[in-house]
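Same chain, two partners: chain A is paired with chain B first, then with chain C.
On to the complex of A and B.
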């Protein structure tokens, strides 16, 4: 599928860039509160409790790091066509996780943005996840190569911008986490 | 061709800048909001630890205070590095309705002389302990906690700057004196948070 017309092309580019920035922010924020996010991951890990306890922190770290990497790659290499299905798959996972979370664990915190998230698994959240999936699907549409073909310097610049987004999310989530969960004396 | 001219880079840069500013704003709110002021210390409304300690002159001070509102300042000689905090405490010590005590972590020789040098001569200096600091969940200094005569925590916060003392007073709902009001109005108000 190829986007024809200025507005459609802008919409595709906007979806692509927005999802990249969103992944960077979500991953960065999760990294600041891995223990909290692991408690959410634990809800989705099948098996007996001790195994879930052992695996969930590793999975949480992998998911957070994966989001940051996918976001950084998507932001700095928009011409790489293989990244579009990867981002679409990630967004599909979000939608599935939200649906399962709502069905099985309604009322539990999603921690999609680490300690920055006050959201719980709700129908509205499923709607947002489906919206993201649609945006990711739209981002797979083709656009003129000239608008996504970047020089090395530009890629590095965007990578730097992406790093700033992830660091800002990390800092904000760390501040919010410290506020909500004070260490015991 | 407009899309090509603006391209992915333009949109990405705008989004990155917006995201960074937005996230920094969220972080700032998290650090300076009303909740954050109780990050360490004890939550507002929680019963404060009870203790009685004698200062170097043998005068016994207790918490909770018998009648006044009490400001417990967890500090040591490093307080001199925070002149705006000292100024805020000095100003507060002139009020009759707040009893200020400085609680050190252990006995410090010369602490009273130093506090006197800082113009806080009217403030009692008590030798606390790591255990007392632990009961108040205080890990960093200078830290301040308002306790009322009912033994409840009114507000608690790290105090590195005078504005944090002002914020603490706001949270503790300590009325402003007439000369502290904008325009010098004689009306006393209770600050709400």
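On to the complex of A and C.
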């Protein structure tokens, strides 16, 4: 699929940029509360207890770092077409995780944005994850090269902006976590 | 006029929007920090009220057990969940204090709302030697206002709530123990500011303690 009209291009590029920024914010916030996110990851790790407990913090850190990297790459390298299926795959994972989370662990915290989010596995969450997946699918549509061709300086600027978003999310999540509000029962 | 690529314009707005949202989130956190949070004030039963009996099931058991406050036995009731990292810290603290013999005179009960199968995901809960139960009847829980976890409730020997709030630090847990066991205040408590020494202290006003003698 190729988007030629200005509005179609705006929609495609809007989806792409929004998802990249979302990944940066989500990854940054998760990095501020890895222990909390690891407790959510533990819900999904199959296998015997010691192994599950041992790998969940590593897995949590890998997921958070992966989101930041994918978001940064997607934001600053719009011409790299291979990144779009990667983001789509990540969003598919979100949808699967939300569905499994709702079916098996309904009412538990997802900690998708670390301490910033108090979202629990709900039907509405599945809807949002599916929405993100659809947006990621839309972002795989091709656009004219002239719309996504950026100079090195521009890409570095976007990377800086992305880093700012990730750091702001990290700081906000760390502040929210430091207050240590009781988690809703 | 120089034209910029369409993607750059879109990405800039996306970044600006995200930063705007995060600034709002930061200000919300700051506001909560400065003004306190009304919601957390409702956590736990009021200090001085009579604690309500609870029925609970131990994991893997079918028999319903009863917790009856009072009767000469002080108690610390912790509302915790294996999926809550702060709860794990509280359980570790309580376990360490139990191992050190600091809770010998106090009955400690961990009440979880997560299914018993969730205990396997937490090393702290798995290793804990404290009594763990899951409420069998939700009716008594309303009086405890366990709207969040962790919630620690100290009940004195007469069945009166001596302290209630969200805490995970060992020093605070000791104060809760002292509050329900009727011990003298520790040195740390005497050094607290006047407003705290009068009976209320803690993080964001979520903890309330009074000594019943």
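The rule we apply is simple: the second predicted complex is superposed on the first by the 180 of 185 C-alpha atoms of A that agree within 3 Å, B and C clash if a C-alpha of one lies under 4 Å from a C-alpha of the other, contacts with A are read in each partner's own complex, and residues count from 1 in each chain.
Note that a residue touches a chain if its C-beta (ideal position, glycine included) is under 8 Å from a C-beta of that chain, and two chains touch if they have at least 3 such contacts.
Since the model is a prediction, treat every value here as computed from it, not as a measurement.
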Side-by-side fit of chain B and chain C on chain A, or clash: clash
Touching partner for A:171 - first (chain B), second (chain C), both, neither: both
Touched partner set for A:91, first chain B, second chain C, both or neither: neither
Per-residue contact with chain A, leading partner among chain C and chain B: C
Partner chain(s) touched by A:147 [first = chain B, second = chain C, both, neither]: both
Touched partner set for A:108, first chain B, second chain C, both or neither: second
Partner chain in contact with A:53 - chain B first, chain C second, else both or neither: second
First (chain B), second (chain C), both or neither touched by A:40: second
Which superposed partner A:70 touches (first chain B, second chain C, both, neither): neither
Which superposed partner A:139 touches (first chain B, second chain C, both, neither): neither
Common interface residues of chain A - those touching chain B in one complex and chain C in the other: 6, 9-10, 13-14, 16-18, 20-21, 24-25, 75, 78, 116, 143, 146-148, 150, 154, 158, 161-162, 164-165, 168-169, 171-172, 175-176, 179-180, 182-185
Touching residues on chain A, where the partner in the complex is chain C: 6, 9-10, 13-14, 16-18, 20-22, 24-25, 35-36, 39-40, 42-43, 49, 52-53, 75, 78, 108-109, 116, 143, 146-150, 154, 158, 161-162, 164-165, 168-169, 171-172, 175-176, 179-185
Chain C residues touching chain A - in the complex, by the definition given at the top: 5-8, 10-15, 17-19, 22-23, 25-26, 29, 32-33, 37, 40, 43, 79, 81-88, 113-114, 120-123, 126, 146-151, 166, 168, 203-204, 206
List of chain A residues in touch with chain B within their complex: 6, 9-10, 13-14, 16-18, 20-21, 24-25, 75, 78, 116, 143-144, 146-148, 150, 154, 158, 161-162, 164-165, 168-169, 171-172, 174-176, 178-180, 182-185
Chain A contact footprint on chain B (complex, rising order): 2-4, 6-9, 11-13, 15-17, 19-20, 23-24, 26-27, 30-31, 33, 35-36, 39-40, 134-137, 139
